[in-house]
Structure formats: C-alpha cells, structure tokens
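By letter and in written order, the chains are A, B, C, D, E and F; residue numbering begins at 1 in each of them.
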Amino acid sequence: MKMITAIIKPFKLDDVREAIAEIGVHGITVTEVKGFGRQRGHTELYRGAEYVVDFLPKARIEVAVADDIAERVIEAICGAARTGKIGDGKIFVTELAEAVRIRTGETGPAAV
Amino acid sequence: MEELTQLSARIDGVGYALDTFYLLVMGALVMWMAAGFTMLEAGLVRAKNTAEILTKNVGLYAIACIMYMLCGYSIMYPGDFEGAVFRNLTTFGTGLVAAVDNDLAAVSGGDASYSRLADFFFQVVFVATAMSIVSGAVAERMKLWSFFTFAAVLTAVIYPVQGFWKWGGGFLEQLGFADFAGSGVVHLCGASAALAGILVLGPRKGKYGPGGAVNAIPGCNLPLATLGTMVLWLGWFGFNGGSVLRISDVGSANSVALVFVNTNMAAAGGLLGAMLVARAWFGKADLTVILNGALAGLVAITAEPVGPSPFGATCIGLVAGLLVFLSIVMLDKLRIDDPVGAISVHGVAGMYGLLVVPASNADASLGIQLLGLLCIVGWVFVTSIGVWLALRYTVGVRVDEQTEYEGVDLHECGLEAYPEFTTAD
Amino acid sequence: MEELTQLSARIDGVGYALDTFYLLVMGALVMWMAAGFTMLEAGLVRAKNTAEILTKNVGLYAIACIMYMLCGYSIMYPGDFEGAVFRNLTTFGTGLVAAVDNDLAAVSGGDASYSRLADFFFQVVFVATAMSIVSGAVAERMKLWSFFTFAAVLTAVIYPVQGFWKWGGGFLEQLGFADFAGSGVVHLCGASAALAGILVLGPRKGKYGPGGAVNAIPGCNLPLATLGTMVLWLGWFGFNGGSVLRISDVGSANSVALVFVNTNMAAAGGLLGAMLVARAWFGKADLTVILNGALAGLVAITAEPVGPSPFGATCIGLVAGLLVFLSIVMLDKLRIDDPVGAISVHGVAGMYGLLVVPASNADASLGIQLLGLLCIVGWVFVTSIGVWLALRYTVGVRVDEQTEYEGVDLHECGLEAYPEFTTAD
Amino acid sequence: MEELTQLSARIDGVGYALDTFYLLVMGALVMWMAAGFTMLEAGLVRAKNTAEILTKNVGLYAIACIMYMLCGYSIMYPGDFEGAVFRNLTTFGTGLVAAVDNDLAAVSGGDASYSRLADFFFQVVFVATAMSIVSGAVAERMKLWSFFTFAAVLTAVIYPVQGFWKWGGGFLEQLGFADFAGSGVVHLCGASAALAGILVLGPRKGKYGPGGAVNAIPGCNLPLATLGTMVLWLGWFGFNGGSVLRISDVGSANSVALVFVNTNMAAAGGLLGAMLVARAWFGKADLTVILNGALAGLVAITAEPVGPSPFGATCIGLVAGLLVFLSIVMLDKLRIDDPVGAISVHGVAGMYGLLVVPASNADASLGIQLLGLLCIVGWVFVTSIGVWLALRYTVGVRVDEQTEYEGVDLHECGLEAYPEFTTAD
Amino acid sequence: MKMITAIIKPFKLDDVREAIAEIGVHGITVTEVKGFGRQRGHTELYRGAEYVVDFLPKARIEVAVADDIAERVIEAICGAARTGKIGDGKIFVTELAEAVRIRTGETGPAAV
Amino acid sequence: MKMITAIIKPFKLDDVREAIAEIGVHGITVTEVKGFGRQRGHTELYRGAEYVVDFLPKARIEVAVADDIAERVIEAICGAARTGKIGDGKIFVTELAEAVRIRTGETGPAAV
C-alpha cells in the first residue's frame, strides 16, 4: 500500500476529492496547513507598520491506497489540482507498512 | 400681569427645553442604529470581508453627516431652516449659529418648539440610516471607494429630494401621503438604492450554482448579528418615538408612549412571525431569518406607529415577519444576492408598512400610499442605477475575482478583521 | 384667575410629559438589558451552543412582550389600567387606546402623573428581564421549544401573580414588604424558575465527574460576556432609576439621582468584592466571577436603592460580591450546574438584597422581608417545577445525548454561530 | 400672589427635575463610554491578552468610582458639596444624604439648579474615562495589580488635583483657561499618565526590531474595536452635551443642541481626515487608524464644542484626524509602543483641541491655553512617573518574559478569552 | 522504528492517550483534521439554502515507537478508539528511517 | 529522497525556516499541532473549577529533500530548534518513494 500526501491550493480541494472518488477511493483526510515555497505571500499594513504574511494557506490531503491504483490516484490529483501557476503544490508518496480499519480490525489493502 | 407673562415665558422655556432634550436623546438613539447596522452586517458576512464592511459602515456615517450638512439638509428643508446651515459655512465661529437658532420670543410666539440644531441632529442621523441599508446588500464584492462615492451622492441629493416630497412639505405631503417616521422615505429609499446596486454588481461568486442551485454562504459571527439587531431595536425607539417631534404636553406625551409600545410590539410580532414560519417550513429556528423578522416588524410599523393599538401593532409585525421570510426565499430564487436581507427587510416590509397604513389611519388612502411608494421607488431606483452604472463604466464597482476570493479586507483595508482566528477557506 | 388655571394646567402638562419621557427612557434602558443578558450568556456558553442561546434570548423577549400584553399585565395590575389593554384587543385601531390614556383633566386632578402606555412599556420590559434570567441557567442542554413554552407560562401567569402581590397592591404590599425595584419580584423570581429548571434538567454532560470532580466548561467568548455585563450595568440605571416612577419635582428628582449613584456604587462594590475574594482564594482574577460580582451588587441594591448612602450602597455591593463568589463555588459542590451563575447572581444576591433592606430602611422589618422572600420563592419554584415536569413528561425538556455532544445549534437552529472559527471539540 | 409664588415654585421644580434628569441621562451615556473603551481595547490587543484587558477595564471603573467617592470628589470640589460625600461616610443610612441634597427653597432661591447627587454621578463617570485611557496604552505587558494600584492613586489624587485647578474653581479657571468638557482635564490627563506608564514599561517584546524595524502586532478582533469606537461616539454626546450642565431654558437648550451637532460633526470630520490621509499614504483604508481618527475628532472638539459652527467643528475634526495619523506613525519611530493609539488620540488631539479654542472663542487666549496645557501635562506626567517608578522598584510593573510570551490572560486571570478559537502563536 | 498514524473520533482522544500511556509511550502529536469517508456529514440550513457539511472533524494522532512495541500500540489504539459505528477511523503504519530528540541529539529508538 | 518531519516549539519556526533556507531548501509545509510529551501543560481555573490544559501547541514541519542533503537539513533543524529545555521536540525521517511537482509534473528529486 501507498500513502499519498498532497499539498494543494485550498480552493482545489473539492475538485481533487471528486477526481479521486471517480477512481473509487472515498477515504481522505484533510489538514489545513501553511505552505512556504516559491509562491510569495502578501504584505499587510497595520497602523503604518508593514508586515509580510509569507505563508500561504494550503490543504494537505492524505490518501492511503492499494499499490495497484496508486499511479492513477497520483495522476488524478495532479490533473485536478493543476492551475499551471506557481504554488500548485506537491505530491509525496511513502510506502505503507500496514493499515487497520479500527471499526472492524481488518488490515492490509482491505482496510484502506 | 407682568408676572403672569414671565411665568408663562418660563413655562415656554421649560417646554422648549424638554422638547429639545427629547429630540436630542431620540436622535442619539438613532445615531446608535449606525452601530446596529455595523454589527448586523459584520456578523452576516464572511470573516475575510469583515474589516471592509466595518470600514464602509463607519465611513458612510461620516460621509452622510458631512454631505447632508453641506447640501442635503437645504434641499430637503428649503424653507425650514432659512438656509441657516448653508450660511454657517460662511463663518467659522458660532456667531451666526447662535443668531439662527430660536430665541424666547419665537418660542413664546408659538413659532418654535425645539432647537433648530436639535432638528438638524435628528434629521442627519436619519439619512445615515438610509445609507446604512445599502452597505449590507452590496457586501463582500464592491469596491470601497465606489461605495463611498455613491454614499456621497445618495446623502447629498437622492435621499433629500424624496425626503422633501414628504417631510419638507413637497407634493406627497400635500397629497396626504402618510409615512410617519419613514417606512418609505428612509427604509424603502435605502432598499431601492440597494436593489439598484445589487443588479449592477451581480451576485457573489459561488452564491448561485448551475441548475438553479442556491448555495449558503453563512455569516461568520452570529452573536454580532444578534447584537446589531438588538441595537437597532433600541435605536428604533428613537427613530419612531422622536418622529412625534414634540412631547411637552399631555397629548404628545401619550403619543410618544404609544409609539414606544407599538414599536416594541411590532418588533416582537415580526420576530415571532418569522420564527414560527421558519420552524414550520425549515423545521429549524434559523436565527438570521428570525433577526430579519424583528427588523421587518420595525420597518413595517414605522409608517404609522400611532395608528394601531398595541395588539394591532403586534399583528402588523407578525405579517411583516412572514413576508420577510417569503421574500428572502424568493429573492434567492430570482438570484438577487442580498447577504444581509436588506431588500427584504427594508424594501418589502417598507412597502407593506406603507400600504397597511389605511387599516389603522382613516385619513390615509391606499391609492395615495401606492402613489407615494411608486414615486419613492421610481426616483431612488432610477437615479441610483444611473450613479451605479456611471461608476461601473468609470472606476468600476466590483472587485476583481482574485480579490473577491481572497477577501476584500486585504485589498481594500490592508488588514484582517480576525487575524488570529480565521481558518483558511 | 383663569390665566392662573391655564398656567397651572400647562405646568401640569409639562410635568406629565417629563415624567412620561423619563419613564420611556428608563424603560428603553431596561429593554437594552435584554441585549445584555444575550451577550452575557452567549459569551459564557460554548461555541456550539451559541446560536441557540441567542435565539432563546431574542425569542423569549418577543414572547414575554406578547404574553404580558395579552394576559400578564391585567393579572398584575387588575385595577390600575381598568382592563384597557384587554379591551385594546377588541379593536385593531387606536380609538380605544386614545380613549384610555390620561387626559389633561385627569392630570390636573392629580389622578395621573404619566402616560398609562409608558407605564405598560416600563412594566413589559421588566417581565422580559425576569425571563432572561432563566435562559442562561438552563443553557446548552434544553430543548428550544420547551423553553419557549415555559417562557409563555412564566410571563403570562407565574410572574404576574407574584408581581401583583407586591406592585399590584396585593397582600405583600399591604404587609409592608419592601422591594423597591424588584430584587425579589424580578430577580429572585427568575432565579427560582431557573433553579426549578436546572433540577428537572440535570447538569450538562461532563460537568461533574466521579468522586466529586467538578470540571470546568469555559465560556467561549469573554469579550461578549463583559460587554453583556456592561450593558446590564447601564440598563440597571433604568431598572432602578425608573422605579421611582416620578421625577418632576425636587424631591423625586433627588431620589432618582440617589438611585443612580447607589446603583453605580453597589455594582462597583460587588465587582471589587468578587475580585478581591477571587484573588485571595484562587490567586487569579477570574473575569467571569468578577462580572458576576458586579451583577450581584446590582441585584442586591435593587431592593432598596434609596435607603443607603452611596458609601452604604458600596458596602452592600461588596458583600454581595463576596456572597456570589461563595455561592458559585457551593452550587458546584451541590452539582447544580448553572453555566452563567444566574442562581448565584439573581437568587442568592436577590435574597440578600431583600433581607438587608431593614439596615437602611426603618420602615421595613426583617420578618416581613423573609415572609415575602418565602412567598416569592415558594410560588415561583413550585409552579415552575410543575410546568417543567409537565414538559418533561410530554415533549421532553432535554436534548438527546448526541445533540448535546454535537451542540444544540445544529439541531435546533440548523446553523452555527461561528462557522469559520470553531475548532472541533 | 401666593398662587403665583406656588406656580413659580412648581416651575422651579420642573426645571430642576429636567436639569437633573438631563445630567443623569448624560452621565449614563458617559458611563457607557467605559464599555466603549473596553471593547476598543479588547479588539486591538492579541487574543492571549484579551481577558486581562477586559478585567483591567471593568476593574478600573469600579476602583475609580470608589476612590473618587472616598476622596477624589472632595479634593476636586472642596467647597461645592460642603464635604457632604465625606460626611456620608459617617453614616450608613440615607438621612444625611437627604439632608445634603438641595431642597425647593434652595432651588427657588437660585442656589441650585440640579441635584448634587446627579452632579456627583456626572463627575464620577468622567474620572473613570480618564483612567480608561491609560489601560489601552499599557496593554499586553503590565502586571494587573500594579495597574490597579496606579488606578487608585490617579483617581483619588492625581486627576482631582488638576480637575480642581479648572473645574473646582482653581487657578486655571481664574486665569480664564478654556476647557469646556475636558480635552485637557480628562483626555490629556489620561494620556500623560499613559505616556509615563509606557516609558517606565517599555515596548512589547517583538514590537521593534533591530535597525529601526517596526513590526505590526495586529489587533485580534476589529469588529469589537469598531463597536467600541461607536459606543464612545454615542457616549460622547453625554460627555460634551452634559457639560453644559443645564438645559432647562431656551438658551441652554440651544447650547446643548449645538454641542450635540458639533460633537457629531467633529467625529465625522476626524474619521474622514484619517481615512483620506491613510488612503493617500498607505494606499489602504486602515480601519484601526480610521477609528482613531473619529476619536481624535471627538477629543479635539471637547475643549470647545459651543464655539465653532457645525462646519467649523467638521474642520477641527478633519485636522485632528490628520494629526492623529501623523502621531501614530511618529510615535512608532520614537519606539513608544502604544497598542491602541491612546497617546495620539487623547494626548495629541487633546493638546490640539486646547490650542485651537481661541480660533472659535474670543475669550480664550493662546497663551493661557498653552499654560493650562503645560500645567496639566507637567503635574500628571511627573506625579505619574513617580508612582510608576515606585511600583517598578517594589512590586514591579512588567510581567516576566514567559508570561508575556504565553499571554497575560493565563497568568493574571487564569483563563482564556477565546478558549475555543485561538490558534497557537 | 515505526510511525503509527491514526485517524480517530475526536472524543476518543483521551481514551486513546491513556491506552498508549499504559504501554509506556508518552509522546504523541495530535492534529485536528477533516475526514471524508463512509460516514456522512450533516446538512445545515442557512436562510433557506441547504448546504451539506460533508467533512467530519477527526483527530489525527502520530506516535513514533520502537519496533518491538508497535503491535501492542496498534492494538491499544484499536481497542480504545472503537465504538463499532461507522467512522471509527483508520491506523496507518510506516517505517521510520531515523528519529532524533532535538534537545539532546539522541537518535534511534532512544529518541522516541 | 527523504521526508523529514519535525515537531518543534512554535516560536522557533522562523529560526528553523531560515536555517533550512541557508542549505537551499525553500519548500516547507507547516501544521499547527498539539503535542503531548514530557513537557507539562498548564492549569487554568474557571469559576473555581481547575482544569489542566495538558497539551502544548507545537509546530509540525515537513520538508521533502534529496538524500544527499538530508543529514545537513536534520542538523540545521536540530541546531535552530534547540533551547536545551524539555519540550524541544523530535525529528522523524521516512523514506520517500516518489515526489511530484503538480504544476509541471516533474518527479523525483527535481520535484522537491
């Protein structure tokens, strides 16, 4: 199994969810994160003092999938999250040693 | 004999003082309504547009006061004040001001029963109210400085002209059009300008989806919205109660008391009406609709708060609460995106308030009420749409898409309303 | 001679107008207390129950106004108004209303010193205050519509009956029971109904653990709670100040001024008392307890604000602040879960206020004060528990466990108070 | 003849009652300003310091009321009240109080035109205002109980002494120093004490970086800051309007009306001035600066609200709005860290207000105004810095670094203002 | 070493922490996340417009443990987080290449 | 490639970011988390009832890097985040199977 972690623009979240769902993957966990990267933040001004908010709000999604569909899921995320502009984000893939569905105790690919 | 005259003059003085004081207190309550609109609107927009709606509200109040002083008041009351406010402009000192307010002779002669400056104060807070109605309706997508430009025009010219028609002694007054405290002149006026603005602006991005879908865009801070409503409720005692314009004898005092009671009962009725229909229709007590219901009751009774009995006022409010509910649902079907319900509360309930006057006031006629309503809507809507369109084709009225997505706060005000709380959206 | 009569009548008119105006302004301040309770309670509950507490507060105000008009006022003042409000129901127009308010003859004859409608206004906002006390105590776990049903019964019958005993000229009045502005009739009444509600409801899930553990459930928005307290403080000038019922001569004016000063000093004393004892006991300045202390001072002075000197009022407040602190800690030991401290503030300080009257008012006796206290608590508690139990065994009073866990907002109102801010809990 | 005397006495009574009522209502509005300062400051600090700033504000109000009653009032008005408040302390009951307030004979004899207790009420809320100015300036880093100690000294001694110089009939009054409602006596006094506090305390950690860097520390809740400003605006009608001290004849009533209008126009001017200059300089409508602008207009007009015409008042406000903007930017360059802009609003605009009086009041001279200004600043600054230093070298004035990092709320109050919302910072 | 990541119902967090602590593991990192899965969200209604809040608040916990106790920790989480109802969540296990305790610079199993 | 995950004290975030940037790594993703460890939380008091807030706010940073600089990045984080007091946090390293830059579709070390 693979754990696919993607950092995407928040407003692309719904598109990505739908793209993954089409492949038949319904479980996703989403975290609100701050991203620092090549995309620049913005400058705010408060009572005459400038300050740079240099992080950008991003959505971090985690999807655990069986090995055979990992490639398709990655492509689906790429396709749905791409705007072509800087800051579109990254996908990271790690090997998953084990997965367990808490409710039933099932393990392995059946659990994801 | 002379002692009698002296005593009489002293009574005149005390009566004049009481009426002046009463007008000032009532005016201060109306000024307080500006805070009510500000909180209501800040509660019903999203966090990312909150600083800008706050800026709009305080800014429009300042602009309204200044424009109305410079120009609007003279248009609305051309004879009344004998151009005194205008003349004040020619001097920096107070000499002229003192000269133009009433003296004891005028008071004892029956020519004046309260200070002219108190009258100005009471009038100036009304125009700010009318303009406050607009800000909520066009929230979350309009350019700040285009809004302020519109505010200047509305408060300097558009509002005063129709205000003159009724309260300045113009043709609506002469025809017998009844609008005690301004269901039409203030609330419907504001709502008409707001509707024009919405039509030129279009809905917020994401509000309406394909296939007739209506998406909810929840307000971010309902305690503020509730506080705003209660501030408005309190302020309305000044709005309607002050519109009697006199309290210093038994009859006037009774009228003011009746206005207070009826204003309160109409709001209670409106709240209950909206709550019951929301419960019946949605199965839920939607707080935002309930708050709109109370305001609708207030707007509706404003046209004639001395007409009905307290029970009658409650009924008028109840119906207004029901109407406002239907209007909110319907406007969304028509894809008219009004984030705070201003058109429903001030427009629909304002029209209803005008038309229901004959039910409790034998002197009013439905025809004249309808005529007045049409004149106000016509004048305000047409001139407003002209101004909005002129702005649209010059400086623009709508922020660009990215600004709208990121929130107008950052782009217009350069800061965030809740920098530590807001979650990315 | 005739001129003299005319002058005298004019003075009568101005005095009548001043007293009416004064009552209306004071009443508006009391109405404003509804906003105070709303903000206080919204600040002291959790975010997930905020929209519902807001809905309860605005809803109960509307219900209280309507039920008191329809029924409560006539029960409480059977003679006073000659059934006028009841009779108002028979007509929609104002004819009858005008007929029933006072005319100049009545005023000059000494039969009336302010508008009857102003009196109604001042009374109706009091009943809303009493009911507001209940909402906070039963917060975060009660079904919305059961609460509203109780509100209707309390404001229509329970409150008016005991109100009649004292202010309507009933037996407590005749016995010489002293309760100037309602430490008992309003505050203790509300607290007794609240206590009955809490006992029937039980504590919030998670409030008390095994082995006597008391868990903190922090209020989510302390600026709102503070604002609410300051709104109440301001409104209390109307509550106590208006209860003099007359201001138009030197003696009454002095009384009203003394009431203002004493009300303010008692609140300051209560705040300081609670702050000092919290500092000594907890080592921390617990803001929520401090706010309760100020309110306790206000409740305590309400029974006799013209009795003590300003220094005396400060002392009465100080003790109330101390008592409220002890009461908060003790009620938790007894596992009586009162999220906002309503029982401590309005019940304990209310009883203390009634019993301390003889210290500054020679006409009052401790025995009668105790009797009055027992009558109010007895009547209100017993009838309230009856209504609460009736509700419990029919529609139910408590939301189910999952609703309580997820927050009553979603289930009762269908929306969230802070949709963008709240973190999952 | 006797009837005439009776009628005259009745008119005296009504006039006395009206003036007393007016002072009480105006005083209640000033009390309401305490809520304004509380909300303004709570909105402009960070979430982690919010509960403590709330505690400071309600606490200082209570302390101010009590200390001023116990001692300050007698210092400020040694003759006026014939030591009555002091004497009140010797008794718990009201006997003495009743004895010391005015009776009809005094009124008819022209010795009194309003209740002494109403006067005390109006005065006591002013001292609380002065102290409220300090709390915002020293926010986010000062020890709670050191602050309260300072509050006790300022309200008991420092404020009353300079208050006596002007309003108690002292040397500034005799020299013809003009300060109608307290640009100097109240606002500049508060700002001077605040400046002394800031100098002893030092800036918040992280506010200034190496190389002249000024870091923004955004306020966490701008709707509250806006609400606070609007509350202050409303309360200012009482602050300035009540300072006429009399309304019961035609001339006074006209004056009060002019004060209301000018107060409103100056605030509008100040808001607009700050908004325009912020727009020109920053390119953004910085809401916090705009709010400060409105307050600066209010402070500036306070020294002479009956001098200028409404147009003149607008101009005075406009300039104040501009000055406050420059001052905010400059104080940061000087590394004087004032989180809410108190020095700029109350100090800079207060001085400007005093110095601009001669422009609209021929009786005032620039030299005397400057002298008064220097006396007030000198006295208050020197005594304050003494008290602050004494505190610093005994109990300490500044919280330790870790407390400042974690927020003073946890350490001073033991709780959080927004436990569910705040994100770690 | 293993990194055990579990997505659980937020109100089970305390139980899970205690269960792990009994095995002697005291370090945990918790993130508030939004979960999309088979469990459905709820519908809200705002001014007449329905909207579905289809994510559910979940707690994501991370525990780094030595290999020998990984199994017991997984079982402890499973046991404590289970309600038997849909939405109980998942456990994901990945191989940990290295761990460092910042304060001391210790590495390997001694660091977790 | 390696995924380096560090749990640090929030006020050290800027120092850590700068330290990493000096090595030439600019992409970071930061999450606000609650940490439970040996460092104790604080006690609050609300209306007389004590309650322990036993979690501590921590920042969780994720940096994906090529294998050759992983060691230096770990050292940089360690150096910048250390205060020497309890609660300084941990660094966890996992093997990254794949990385994708969404905007361009680049994969492997070029993507991080």
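Here, contacts are C-beta pairs under 8 Å (C-beta built on N, C-alpha and C of every residue); 3 or more make two chains touch, one makes a residue touch a chain.
The model shown is predicted, which means the values in this text are computed figures rather than measured ones.
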(request) Check every other chain and keep only those touching both subunit B and subunit D; list them. (result) A, C
(message) Show me the overlap between the contact partners of subunit A and those of subunit D.
(response) B, F
(message) Based only on mean CA positions, could you tell me how far subunit C sits from subunit D in angstrom?
(response) 31
(message) So the centre of each chain is just the mean of its C-alpha atoms; given that, what is the distance between subunit D and subunit F in Å?
(response) 48
(request) Between subunit A and subunit F, tell me the centre distance in angstrom, where each centre is the average of that chain's C-alpha atoms. (result) 18
(message) For subunit C, give me the residues that contact two or more of the other chains.
(response) 4, 7, 11, 14, 18, 25, 218, 221, 227, 282, 284, 286, 288, 414-416, 418, 421, 423, 425
(request) Please set out, as single numbers or ranges, the residues of subunit A touching at least two other chains. (result) 31-32, 44-46, 58, 94-95
(message) If I apply the definition of touch given earlier, which pairs of chains qualify?
(response) A-B, A-D, A-E, A-F, B-C, B-D, B-E, C-D, C-E, C-F, D-F, E-F
(request) Can you check the complex and tell me which residues of subunit A touch subunit F? (result) 2, 6-8, 31-38, 55, 58, 60, 74, 77-78, 81-95
(message) For the complex, give me every residue of subunit E touching subunit B.
(response) 44-51
(message) So in the complex, the part of subunit E that touches subunit C is made up of which residues?
(response) 10-11, 32, 42, 44-46, 57-59
(message) Quick check: in the complex, which residue numbers of subunit D touch subunit B?
(response) 4, 7-8, 11, 14-15, 18, 22, 25, 29, 46-47, 218-223, 226-227, 229-231, 233-234, 237, 241, 247-250, 252-254, 256-258, 260-261, 264-265, 267-269, 271-272, 275, 279, 282-288, 290-291, 294, 306-312, 314-315, 359-360, 418, 421-423, 425
(message) Please output the residues of subunit B touching subunit A within their complex, sorted ascending.
(response) 405, 410, 414-416, 423-425
